[in-house]
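The letters A, B and C name the chains in turn, as written, and every chain counts its residues from 1.
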Amino acid sequence: MEASATHSTAEPLEFCNVTKRYPGTAAPAVDGLSLEVPAGEICVLVGPSGCGKTTAMRMVNRMIEITSGDILLGGRSVKERKTSELRREIGYVIQHVGLFPHRTITENIGTVPKLLGWDKARIKQRSEELLELIGLPPETGKRYPSQLSGGQRQRVGVARALAADPPVMLMDEPFGAIDPINRERLQNEFLRLQAQVRKTIIFVTHDIDEAIKMGDRIAILQEGGQLAQYAPPAELLTYPASRFVEDFVGSDRALKRLALQRVRDIDLWTAAAIRVGTPVADARAKIAEADVRFAMLVDERGRPLGWLSDRALTGERVTEELRSPARPIVELDDVLRDALADLLSSETRYGAVVGVDGALAGVLSLEVIQHFLQAAPTESPTGADLLAE
Amino acid sequence: MSFPLALLGDFGEAIKFIFQERESVSGGVQIGGIPEMADFGLTHMHVSIVAILIAAALAIPLSLWLGHIGRGEFVATATSNVGRAVPSLALLAFFISFIGLGLNNVIAVLVLLAIPPLITSTYVGIRQVDRDAVDAARGQGMTGWEIVSKVELPLALPSIFGGLRTAAVMVVATATIAPLANVQTLGTPIITPQTYGFVGQLGASIVVALITLAVDFVFARLQRVVTPAGLKISEMPARRRFSFTTKRSFKPT
Amino acid sequence: MTVPLAQLQIQEPGGSDACAAANDFCPSWIVENIDRYWSPLLEHVYLTVAPVVIGFAISLALAIFAHRRRWLTGPIITVTGIFFAIPSVAAFFLLQPITGLGYTTAIVALVSYTLLIIFRNITNGLRNVPAETRDAALGQGLTERQVLFRVELPMAVPEIMAGLRIATSTTVGLAALAVFAGAGGLGTEILLDKRFKSNVAVAGGLAVLLAALFDLLLLALQRAITPWQRARA
């Protein structure tokens, strides 16, 4: 199953100076849009309503015709393709899903394969694979859309789009009609799915948080259909290209960046890890080398027990006298925003960072985070990377 | 006038029948011509108008009330289904055989035929009024009667007039077979070919068809006039189109 | 089968037994004479089925033709609306100079009455298909034609069937007047003995039963071909 779900190669997608002008309107809906989406990446088109993001997306499968410019799919102009054939090669997911109410789930998923002339056995097998992939029990296939919940229907919409293994997918506010809790679950599920299938995806949303979470790259469009900025999420948050982008991403963009980062990815402070009975001289030497003036008492497996008090270092050997417990404890895999929340809610300003084995790996402080925020986002991962790990 | 009419064959003769008196097929009696047709036409209109007024007086208030309280959907749909399925000829024959001939029986038959479309159109018209609008009216402190008269009735008028149009066309059409009960309407030449011949049948048919179309046209106009301006502007795209409930779906004659 | 109207008028209430002679409602007479209604009943079935089938075919063709040519819908409704308003008795005579006395006249007139109802229901059924369903269908690469035949028409089936049911029961009622076109049917029996209670009750009752039977058949058909309508979570 894995094999057939992932075998197809994604194609790169390129907008070349694409303009859409509706007859009878002075201003273009999309104005000279140029951007490249590398194969297998999610490009989020985001912007306020009326910015032309949906129009831009719908020109890819020519649900809307291009006025001037061109869109290249795998290096080939979409304009020279027959529309129905082009669309069968492009997965299509919309907010209201648009499942066919008179067809079973299996038949809905099999829509494009049937158009492509697959035989029945193959369509059935493919439907079953996809149901499994989206986490629905196989018997769902026999049901009708009216018998499914909104979230289930949305999953089926995604499965339907994936049915013929298209190299490119278009998603128009796919989670827009889902309540916040289920939306987050569907987003996470989808990112995991994308880690397996690696499609080139154009994803339209008006929600900047969703854009930051879902996008490998984000294209912010402004009114008049102009591209305001096209960049990976972290870059967008760090270096907004204009006042418009700055306003659109919001004044909390620093916090948003923290949501894109894990503790392991930033430069932590070091702290001396000291066991009971260590010669005080050795301990002092270790402390002098570390970034932090205080030492952490650890057990024999290196797990933090608490911050040592000065008195513990007065004798010959280190005794078990603590100034404060080792709280909060942050894991290397924690998202930076959550770690910051832990720091802020505890009395100490230093968080002990531990690895998977529980051993001390470093110290997180407000200064560390501040330093990170001031640095350039060279290798910031995206939301998809965070989930894929 | 006779030359072009001759070209029309039977139709020419039939039109001549409407305007000129002639001797009957069996002989001895003068038939056709404006005076006789006017006489038939008056009776035809008399039974039709009386029947529609009675039917409207009975059906509209009842279904307004049912629609307002939201009850009796079964009654509204059942009457329309039964009303459609009973042949007008069978109903008239039933009255003739079980009750008797005469003007009042004919009117009773026409009233019975006119009631189902009136009930359905009024009921559906009221029920189709946006429940949010009614709720808002109640929320602003309108009484039951005020809601009916100021919100539901104006919004339901197009549907009600649609029902009136259907009922009127039906009644005028069915009055054509009233001569079977000895009421001499425009159907008389049709029902008594031994006197009027085929030409008389055809002439009367032309007159009946024209009158029905005129009634249909007049009521269609009325329906347009009573439609509140806000509903007229355009078909609201989000609104579901009701295919058969409010629009003409009755044709029992 | 086609009895001249002149003869119909002079028939006396029939039947030989005392009850019939007294013109009461006579179950015994009905049982004895029920045979004479079979052939008119069959004619009536024919006079219903043929117009509905032909009218459906024409309406479907018109609706499909007008589907992508929206401006045609109004004129089609107007013209079929005019047909619809012409009383059937008048239509049966107006057609006779052209199509003569008999089935053809009856069926042409009856077909003309089904058009408005069926056409309007097909058109509304097609238009009630949600925009997002159309969008999803086109976006997946169905051609306009495939969208019409695989998505829109199947989704319009409930409304189309509703139209067929109305058209059918209406036609059963109107076919009772086909006797004026010389096409027989149960109306012939009603006119033959229009003052004889038993006769009127049987002939009229058969027409109503026929309408109910057709309605049930169409309802059963609709349920059979729209399984998704009954499926609920």
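Here, contacts are C-beta pairs under 8 Å (C-beta built on N, C-alpha and C of every residue); 3 or more make two chains touch, one makes a residue touch a chain.
The model shown is predicted, which means the values in this text are computed figures rather than measured ones.
Taking the definition of touch as given, a chain qualifies here only if it contacts subunit B and subunit C alike; none does. The chain closest to the protein's centre is C, with centres computed as averages of CA atoms. Subunit C has its Cα centroid 19 Å from the Cα centroid of subunit B. Work out the mean CA point of subunit A and of subunit C, and you get 61 Å between them. Here the spacing of subunit A and subunit B, counted between their Cα centres, is 67 Å. Considering their complex, residues 9-11, 81, 84-91, 93-94, 96-98, 169, 172-174, 176-177, 180, 187, 190-194, 198, 201-202, 204-206, 208-209, 212-213, 216, 240-244, 247-253 of subunit B touch subunit C. Partner subunit A is touched in their complex by these residues of subunit C: 130, 132-143, 146, 151, 154-155, 157, 226-228, 231-233. The touching residues of subunit C, when paired with subunit B in their complex, are 5-6, 9, 23, 81-82, 84-94, 96-97, 113, 116-117, 120-121, 124-125, 127-128, 159, 162-163, 166, 169-170, 172-177, 180, 186-187, 190-191, 194-197, 199-201, 203-204, 207-208, 211-212, 215. Residues 61, 63, 83-89, 92, 94-103, 111-112, 115, 143-149, 157, 160, 170 of subunit A are the ones touching subunit C in the complex.
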